[in-house]
Structure formats: structure tokens, C-alpha cells
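Labels A, B, C and D are assigned to the chains in the order they are written; within every chain, residues are numbered from 1.
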Amino acid sequence: MSTDAILEVRHLSVEFPLRQGIGDLIHRRQPKVVMAVDDVSFSLGPGEVLALAGESGCGKTTAARTLIGLGTATRGEILFKGRRVGGDAADGPAISLKELRQRAQIVFQDPYESLNARATVLDIVAEPLVVHRLAGSAQERLERVRLALEEAGLRPADDYLKRHPHELSGGQRQRAVIASALVLAPELLLADEPVSMLDVSIRAEILNLLNALRRSRGISILFITHDLGIVGHFADRLAVMYLGRIVEIGPTRAVLHDPQHPYTRALLSVVPVPNPRLRRQRVILQGETPNPLDLPAGCRFHPRCPIAVAACRTAEPDLTTVRDAHRVACLLVAPASDADQATHDPAHHEGG
Amino acid sequence: MTEPPLLSVRHLTTEFTLADGQVARALEDVSFDVLPGQTVGLVGESGCGKTTTLLSVMRLLPGNGRISGGSVLFKGTDLLTLSEREMRSHRWTDIAVVFQGAMNALNPVMKIADQIREAILLHDLMDRKAADRRVDDLLELVGIPRARRNQYPHQYSGGMRQRAMIAMALACSPDLLFADEPTTALDVMIQAQVFELFKRIQAEFGLAIVLVTHDLGVVAEMCDVVVVMYGGMVAEVGPADSVYNEPQHPYTQRLLAAFPDPSQSADLPEGGQDLATIPGTPPRLNALPPGCRFEPRCERRIDRCTEASPALVDVAVPGSGARHLAACHLLGEPEAGDA
Amino acid sequence: MDRRSFLLRKAGLALLTILVVFGINFVLFRVLPGDPVRSVIGRGVRITPETQEALREQFGLGKPVFPDQLVDTAGQWLQGNLGISWSLRRPVTEVLASKLWNTVILVGLAQLVAIILGVLLGMLAGWKRKTPLDAGALGFSLVAWSIPTFWLGIILLVAGSTWFGLPTAGAVSPENTGKPLLSVLPDFARHLLLPALTLTIVFLGEYMLIMRSSIREVLADDYILTARAKGLSDWQVLRKHALRNALLPIVTVIAINIGFIVGGAIYVETVFSYDGLGKLFQTALVKQDYPLLQGAFMLLAVSVVIANFTADLLYVVLDPRVKDT
Amino acid sequence: MGERRSRWSGALRGAGRAIRRNKLGLFGAVLVLTALVLGVCAPLLTAYAPTDIIRDADGHGLTFAPPWEHGPLGTDDAGRDVWTQLIYGARISLTVAALAGFIAISIGSLVGITAGYVGGRADAGLMRVTDVLLVIPDLPLMLVLIATLRQMDLRVSPLAVLIVVIGLLYWTSTARLIRSQVLTVKERQFVDRSRAIGAGRIHVVRRHILPQIMPLIVVNTVLVLSTAILVESGLAFLGLGDPTQPSWGTMLNFAFDRSAITNGAWWFYLPPGIAIVWVVLGFALLGNVLEERLNPRLTGHHLEGGKGMVAVPGRSEA
């Protein structure tokens, strides 16, 4: 992996111990553990947008929260510009969580929930400056808040400073959240489903805003989403997660155009397309995502996989490269050397 | 137009009394038809009045809401002229509803089977024993194992709750099903399963479905006819194919452009491409514009747009036989005698 | 959290509470000035040195306070030996047993009526929002909540005795004291009426108020809309869907209230000189009869703990989603 | 400091606005304020001291004199002026309630915020204590405690004992309420956002948690104050007040014990009771208004539609 990456995640695992009932204590049962994120690795270059996509419960949000210290990693390491987050300086270059939180910012899904109703826009956007004691005078603070608001598209800024969240529309709220993330001039933005609560027309505006920030400021963005419909417009690379693992990762166009993992293929086939004339072959997986408390052995996708073979029940596939940076975790996907031979393409198993 | 419509909503107008005492027209002059066995998509952004339309048709508006004009013809009967008691007998037996986010739409302290059976017994359709058998059949139809019939809603997953809700809606064999954002809180795969189920029951029972949603993709995949709503009015109505491929109302045009098409995304340039946007925000009920409700956000507005609210005009390709209407001053004035 | 864990936790809490009450009693007993034997037997009581020694032995008063006295006392209390009342010179257990039923009947009757009426009227008030019924219910509830129980008792006592000739003291008339309850039932009922009415009014207000807001919250829930869409009439919606969901907070409130109910009984029995545990408690307080006071306290606390646990059981029955609240 | 003050005044201003908009709330405020003014201005409103004995021309104590013989509220069994006792009693009742209420709210808020925000063992421990205190019947516990404390010759005023005991027992429901509210607020996204920015615990509690629970604390203060008045009057009625500084409850204790009822001296036992109801009702009305404002779920429901829903029926057309 490239060393000039803004963010590098190596073998990250996050486990949640389940709360035990009194019965469990009496019977001395082992505490159960939910593997929310399981051995996930990826890196993010400067100015790059990586989309982390998957259904609810796949671990994408947990991963993002862990990166910014809102959750605790059970295993693995997180490197910000080559410096280990929360690491010991003795083991090489390290960065404190406090400093990371100054240089990386998170934008949450729900703009109605992520703003304190009793604060003004000024309070909200200035909060990072206050927390990190970065603006000396009130005047300087005001100036930086104004700049951030304008950059987030709330113009003229003075109209918004004294407003409370309930006086803003959904899109304006999300812009305020983004402004408060911008005020510290971060190098990395974690965007956790930033548009999923917004209406179509507003959604497009926010996505365009994020895109503009990436272009003008070179901010790297980790974009968490459940909506594969929007990633094509926005992300350079796409990682698809299933039950805590990355099952496929690669350049967005490659993954969307030529998905290799049967899960990715199914997921893409059911994304609604706004075109009544398009009649696609859809792969609707039956049942629901299994309980993460009781993961199936072998490939964790095999119980729902339309092309699973016997080996899938026992062997757990690792990510293997199929072409360039396109990597897939499936036993039936041929590694890079055979990539050109179409006969190994799992698409043929499906007849489609 | 040979077949008489199952549901015909005509000039429906609904008002809400807001907290400050102001009366706002949440629905103005809403008209559309639903033919038997058809799937109609009621689509629009939040606050456009799509759920209010549903509640008005069912006469289930909250205390501050009031239907002030128009008619709702179901098989020729105007539901708005009925007494409350008569209206009750139409609910669920003729028109049933699958509500949004089935978690709260199901009673948390009542077993699933009992909730389904309740409607059957209420409308005196069969005796208790037969009703129990019917509940089992319905659960099997929607794919819920019989072993789970006596569980409570909190023991179900989101997808299963929505299936249970659908089973419940089918209990009295209605002719029309309203589905209000039936998959909003669900994952795409579960959403696909639920829509598959909708298609199956429609094929099996031939009922008409009105799908209330904000998702243009879902409408394209599910619906024969689209009703695009904006600010409590119908902006455009027509066959899905015409509306998506030849949208006439500026709002529909912009909305479709703002909606990303994943089937096209492989052709996008590296690093993506900006989506089209609609500047501004939808009107709030307490500050409705005097003329066309889309006028403040419309790039093609003319003087008349601020003065009068446009009526629906026929924009169908001549000779196509399709009924495609749009409400925009740019499209001309309605001819006399138009509905 | 599953039901078993919930109930086990509640049972644990009940046990802990009883232990704490015992602890309070034990400690308070020891901090009283004077000879500990005297505090078991009472000051003015003449007893032989042998008896005194026996008692000393029984309660372990010669031994160190901890752990011996604690263990001995706990043993005695577990056997139902709560000492001897100073003022009545009878075993505390015996005195308590003789008063228990009068109070149970008084409190039980008042609670039953208050709960049934409160749920019914509160439901109607919450349903018919902003009607005279709603305003009346709210007004009554707030006033009932604001009246001190004992003062309401005094008012009803004056009114009842002046206008209706109802008795003002005792659980039965003096000439009927000691006769079997069944043979003097009408007399007993006449004595019961005013105290029970007082307690009913006091708690009715609160139950109405809670039920009113509870039903209003429930009626705003989505499943109520579903029920209406199914074709249920308003009354059917209330009865079949709203009621059970709205009752859950009431059960919690009743559980919390049980402690206050005991307080109400003390006030009312004092005002009406009603021959029950509350009056006994007040008498013991006035006469500084500590063994009796503590025995009564223990009995009341244990009853409340048991009643509270019963309410938790009821909650489990009513709500399939039992969670740690 | 300025921010702190503005947060408090913000919550209070919001409360003030809610009260002014609502007639019942306004009425409640008037009830509480009149009692407060009568208590504060007591010396200006009467010619006597509460202990003064009114005597007739012969120098005999004027006992149980009805209002028409000695205005405005007659005299008690010992010939003392009831009106004077009543307005001086307001001072005692309100002071005891205010101090006890302050103790209770402070403990309750502190315990609730700590348990809710810190969580873990602190939460478990504090909540066990709260649960146990909540279950033990309050009045018997207080009576036993006060009786024992008195026996111990502590040389403090009975009123102080009353204040401390009430304050130490009536914080539990506040603590539970505030804890559950803190737990909810803690899970809100804006708290996560603040933490993700790098804010520490103190910052989060001060800037995000406190402002959110302040309205709840205000409502609860009102309710705890009214409870404290009721409890004080009850304890005083049972004879645990200070006979030398009679509160309304103590007056009722005198009236009940010294046969005001059999003597038909209603002017002795009615006014203190009415005074208690007056103040408690005032607080209850205030609390009710504030609570409705706090809980938006109480504003409307699904069964309100009904008959008026369809205004223009039958304008059907083909």
C-alpha cells in the first residue's frame, strides 16, 4: 500500500460484547461477541473518495466511527499520514486522538439529529475552534466561521449565524454540519450516509458540494453509504461490505461495470433504476442477512449465495486481485493471472 | 379509457389548521385515476402532500385536517358523502393500507396473527375458525413461517414486519392497496423482496396498488402510471414511460435529472460528475406561493406563474391514446371540457 | 433483556430493600440512648432479673454489636419475634396481626375503586381532548393532587358526620368491638365509608392524570392509525388497541405509589381514628413506643416490597417487550 | 460564566413564555406569588405576632372567637389570631419546602447526570440506592428517622430536621427522570459529533447535555416543591413540626388535637388547608403547563378527526 496515503487501515476488527443476562451469569456462559468489523484493510489517498457501501449491519458505520475514536478497535491499526492513531511513540510515529480529531472530521447521516437544537449556527460551527482552542479572539473565530459557512454554501453567512437549527431546512442543516467540519480545514472527511435523509433535489446539492470540496481543497473523503445508485457520481473507489468484511474493492467504474463478487452483483441488480424501459435480470437474494452473533462457517455469504459450491462452506476466501486494483473475496473468482479468461468469470455460472 | 376507473380522485382539496391558527391548503385540486389492477406511483419530495392524499381518500386525517372540496369516487361511490359508519365498512374491505415503517404501524402488545385476524372478524367475513385458517394462508403467502404467527412485532425483523403488514392488508381481499413508503427503512435487498411480493400478489389477486414514495427508481420499476406531486398539487400525471422519457413539467424534468441513474454510472467520467440540482427548498405549508407552487424554484418562470396556479393540460402525444397531463403555464391552457 | 433476568433483578431488588430496612431498624435501635435491654422491654415495665437476663440472651445484647447482635436480632425477626410493645405490653407481632386486616381492607378497597375509575375517566378525558370532560378531569385531578390527605379527611369527616350522621372514629362502633367481622358488617361498612372515600379521591386524581396523558400519547402512535384504517370505530380502537398500551405507565405508577399509599393510610387512619396499622403507627410515634414503631415499619416496608414485586409481575404479563426501564 | 447564566435564564425564559401563553399557567403563577407576597410581607399585614394572645375586656383569652367577633379569621383555642398565624405560617411552610426542595433537586440532578453520563458501575451503584429508596415507604421511614433523631438530643431546630429528612428522601424520582433523559441525550448524534470533534466530557456535559435537560429540571423543581409542601404539612400535622414556629401543617395539628372540630371552629381548620391547596395547586398548574410544552406528543392524536373532517360532502361529478 502506498505510504503517502492520508488514511491507512490495517486489519481493523471491532467486536461488541453482548450484555449478559442473569441467567447467563448463573450458567457461566461465555459472553457472546458481535463481530461488527472483521479484519478490514483499506487505504485512502490524498483527494481521493472511497465509498464504503453495504446494507445495514454490514459494519460500515462502525468502521467509520472507530476511525474517529467513537468506537474502540479490538484489533488492527489505523494510520493517519503514516502515523499510528493513539499509538505509542516508541513504536514509530504516532498521532494522538485529539490531533486526529482536529485533522479529520465526521459528518453524520441525520442533519436533524446532529445539531443541538438549543445552539445557534455560530455556536455549532465555532465549536471545533472552541474545543481545540484555535481561534484567539472572538473576531477571528467569527471570521473563520463566516468563511466556513460561505464555503459550505450558506451565503451570505451573516444571515445564518444567529439562526437555530429549526429555522433551517434539511439541506441547510447538513450544510451547517459540513461548515463545522470545514472550519478546522481538515484533510480527511468521514461522511456517514450524509444524504440518505435528504430529498432528491437537496441530495444532489450536498453531493455536489462534497465533490467541489474534494476538487478545490483536495480533501480525502471516506463516503459511507447504503445507496449504490449514487456512488458512481462521486467515488473514485468503491468497497462493498458484507457482515463485517470487505467482499469487493476496486475503482468505482470497474466494480459497477464488472462486479465480480456474487453479493455485489446481486446488490447492484436490485438498485432501482429510474428508467421504466429498462427490464433487467434481477438477482433477489432470499432471506435476510444472518445474525452476526452466529456467523456461518466458511465464506459468510455462502448460505445466500446463488453460485456457492461445497468448498465455500469450509474455506473463508481472502481478497485476491482480479485486475489492477480490483480485489474480490470469493473462492470462485480467478486471481489476476487468469483474469482475461472469461470462462472463469462467475457471471457465467449465473447465465447472465 | 374504456374501463371505468376503480378510484377516481377529483379536485380533492384538503386544509390544515396550523399551530398559529392559519389555514393552509395542504392539497389543492388533486385529481387522478386508478384503474383496476393498475399500479400507480404517487411520487414527490417530503411535504408534497402524497401521504395527505392517502389519508384524505381514507378519511383518516388528523384532527387539524379537513377535506374542503372535491370528490373521491370508489367504484362510482363518492366516499366523501358517506357517513362515518358507512365509510368504516369500506375501509380495509375495499381499500387497505400498508403503512410506512412497519415498526410503529403494528400494535406492540398484540400478537401478529391476532392483528391480522382482527380485520377479518371485524368485517364479519367469516367465523373464527375460518379466519384463523385464512391468517395461516396469508402468512404463508407472504413467506412468514407458521411457527412465528403468535409472536409480537418486536420479535420480527423490519422486513418481516413489512410482510406481516402486507398479509394484514390482504386479509379482507381489498380491490385497492395503498402502500405508503413501504420500504423506506429497509435495505435494498429486502426492498426488492417486498416489491417482488407486491408484484406476486398483484398477479394473483388482480388488485390495484397506489404506491406512495419519494424514490423515482422504485416508481420506474413498479408503476404503470405516475402522479408527480409538488407542494400539494399534481404537477404531472401520465404513463410511467411517457413521464420518465418525455417529462413535460419543469419540476419533473429537474427532479429526474437530479436523480442518479446507476445504470448509466459506468459511462461517467473518472471522479464522477455533478448532478443536476433544483435550487431552493419545497414550499412550507405556512408560506405557500400565491401562483404556481413551483414558481420560486423554477428557472423557466414567466409573469403568469406568480399570478395564477396552472391547471392540468393534456400533453400526450396525439394519437397515443395515453392520458398524460401536466400543470404548467408554459404548456398552454386547458381546453374546455377537460376533466 | 429477557423476562427471567428482569424478574430475577426485581426479586434481587426486593430482597435488598428488605435488608436495608432491617439495617435501618437495627442501627436506629442501637443509637437510642439508654440500656439496650430497656429499649427492648420499655422503660416503665417491671420485670424480674431472670426475665431480663433471658431477653438479654435472646437478643444477644450482652455480646458485641457486630456481628453477634446483628445475627441474633435477624434470627429473632425471622422467627417473627419483633420484641414487646412498651405501651401495650404485648408482643409486637401479635399487635400488628390484630390490626393488619382493617388496613388491608381500607387500602385495598380505595385503590380498587381509584384504579378502575381513574383508568376509565382518564381514558375518556384523554380521548375527548379539549372538551369539558377533559377540562373537568384535569381540574379535578390537579385539585385532588393538591389537597393534603389528612385535611381532605378532616373536611369529609366534618361533612359526613354533620350531614349524613356517619361515625367519626374507629373501625366499628364501641359496642361491636371484638365481635366477628361478618356479624357487624353494616356497622363496619359505615365506618369504612369516609376513610375509604378520602383515600379514593386522593389517588383517583393521580391515576386519572396519568391515564389521560398516557392515552393521549398512545393515540398519537402509528398503530392507532392502522387500526382506524382497518375500519375499527373509535371506541373499538380505544378498547382493543389503546387501552392495553396506555395501561403500562399506570402499572408503573401504581408500583411506585404503593409506598405513598401506606402514607395515605397513616394520615387517614389518624384522622378517622380507624383501628388499623396506620393509626397504630401514629400512636406508637406519639407514645415513643420504639419496638412497635419499628415492627410496624418493618411490616409496612415488607408489604410494600411484596406489592411492588407483584406490580412488576403484572407488567411482564402486560408488556411482551419487557426491557430494563 | 456569562454562558452559564444565559443557559439558566434561557430555560427559565422558555418556561416563562410557556406560562404566559397559557391561562391556567398564569393562574398557577398568581397563586404561588400571592402566597409568597403574603409570607414576605406578613409583619405589614397584621398588628399581632403569631404567639400573641388576644384578650377580651376582662383580660381573659379570647378562645375560639369566630371571624365576626375577631377579624378577619377569628382566634384559636389559646386565643391567638388565626390570620396572623396563617401569614406567618406561609413563611415557615414555604421556607421548609424551598430548602428541602433545593436539597432534593440538587442531589437528584447530580445523581441523575452522573449515573446517566458516566454509566457503568457508578450508574449501577447509584441506581440501586435510588431503587431501594424508591421502594421503602416514605412516610413511615421519615417518621421513624425523625422520631429517632429527636430522641438523640441533637439540639437542632425541628424544622432543620424536617428540611434535611425531606431533602434526603425526595430526590429519587428526579434522579431517575434525569438519568433516563441524560441517557437519551447522550445517544443523540450531536453529542457524538461533539465527541468526534475532540470535545472532552466536561465540554459535552456543559454545552450539550445540560441545556437539553435544563427544562426537565425546571419542571421537576416545580413538582418537587409542591411535594415538599405537602410532605411538610403532613409531618407537621402528625406533630413533628416546630410548635414554636407553626407552619400550616402545625396549625392543622393544633386544630385537630385541640378539638377545633368538635367546637365547630371551622375558621381554625379551614384556612391553613386552603392555603396549602392554594400553593400546591399553583405549583401543579405551573408544572402541568411546562410538561405539556416539554412533551410534543401530547398535542394531538389520531382519534380527533371524526365528524368535522369532511367539510364539503357530495360535490361529486362524473
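In this text, a contact is a pair of C-beta atoms (placed from the backbone, for glycine too) under 8 Å apart; a residue touches a chain by one contact, two chains touch by 3 or more.
Just so it is clear, the model here is predicted, and its values are computed rather than measured.
Least step count on the touch graph, chain A to chain D: 1.
The chain pair with more C-beta contacts between its two chains, of B-D and B-C, is B-C. Taking the mean of C-alpha positions as each chain's centre, the chain lying farthest from the centre of chain A is C.
Taking the mean of the C-alpha atoms as each chain's centre, chain B and chain D sit 51 Å apart.
As a whole-number value, the distance joining the C-alpha centres of chain A and chain C reads 56 Å. If you average the CA atoms of chain A and of chain B, the two centres end up 33 Å from each other. The set of chain D residues touching two or more other chains comprises 300-302, 304, 306. Residue positions 60, 63 of chain B are each in touch with at least two other chains.
Shown for chain C are the residues in touch with two or more other chains, namely 129, 221, 225, 228. Put simply, chain D touches chain C in their complex at residues 128, 131-132, 134-141, 143-145, 147-148, 151-153, 173, 226, 230, 233-234, 237-239, 249, 252, 256, 261, 266, 269, 272-273, 276-277, 280-281, 284-285, 288, 295, 297-298, 300-304, 306. Against chain C, the residues of chain B that register as touching in their complex are 58, 60, 63, 85, 88-93, 96-97, 99, 101, 104-110, 118-119, 122-123, 152, 154.
Interface residues of chain C facing chain B in the complex, by the touch rule stated above, are 129, 221-223, 225-233, 236, 240-241, 244-245, 318-321. Touching chain A in their complex are the following residues of chain B: 45-46, 157, 159, 187-193, 196, 214-221, 223, 240-241, 244-245, 254-256, 258-266, 268, 270-278, 281-282. Of all residues in chain A, those touching chain B in their complex are 49, 55-56, 169-172, 199-205, 207-208, 211, 226-236, 252-253, 256-257, 266-268, 270-278, 280, 282, 284-286, 288-289.
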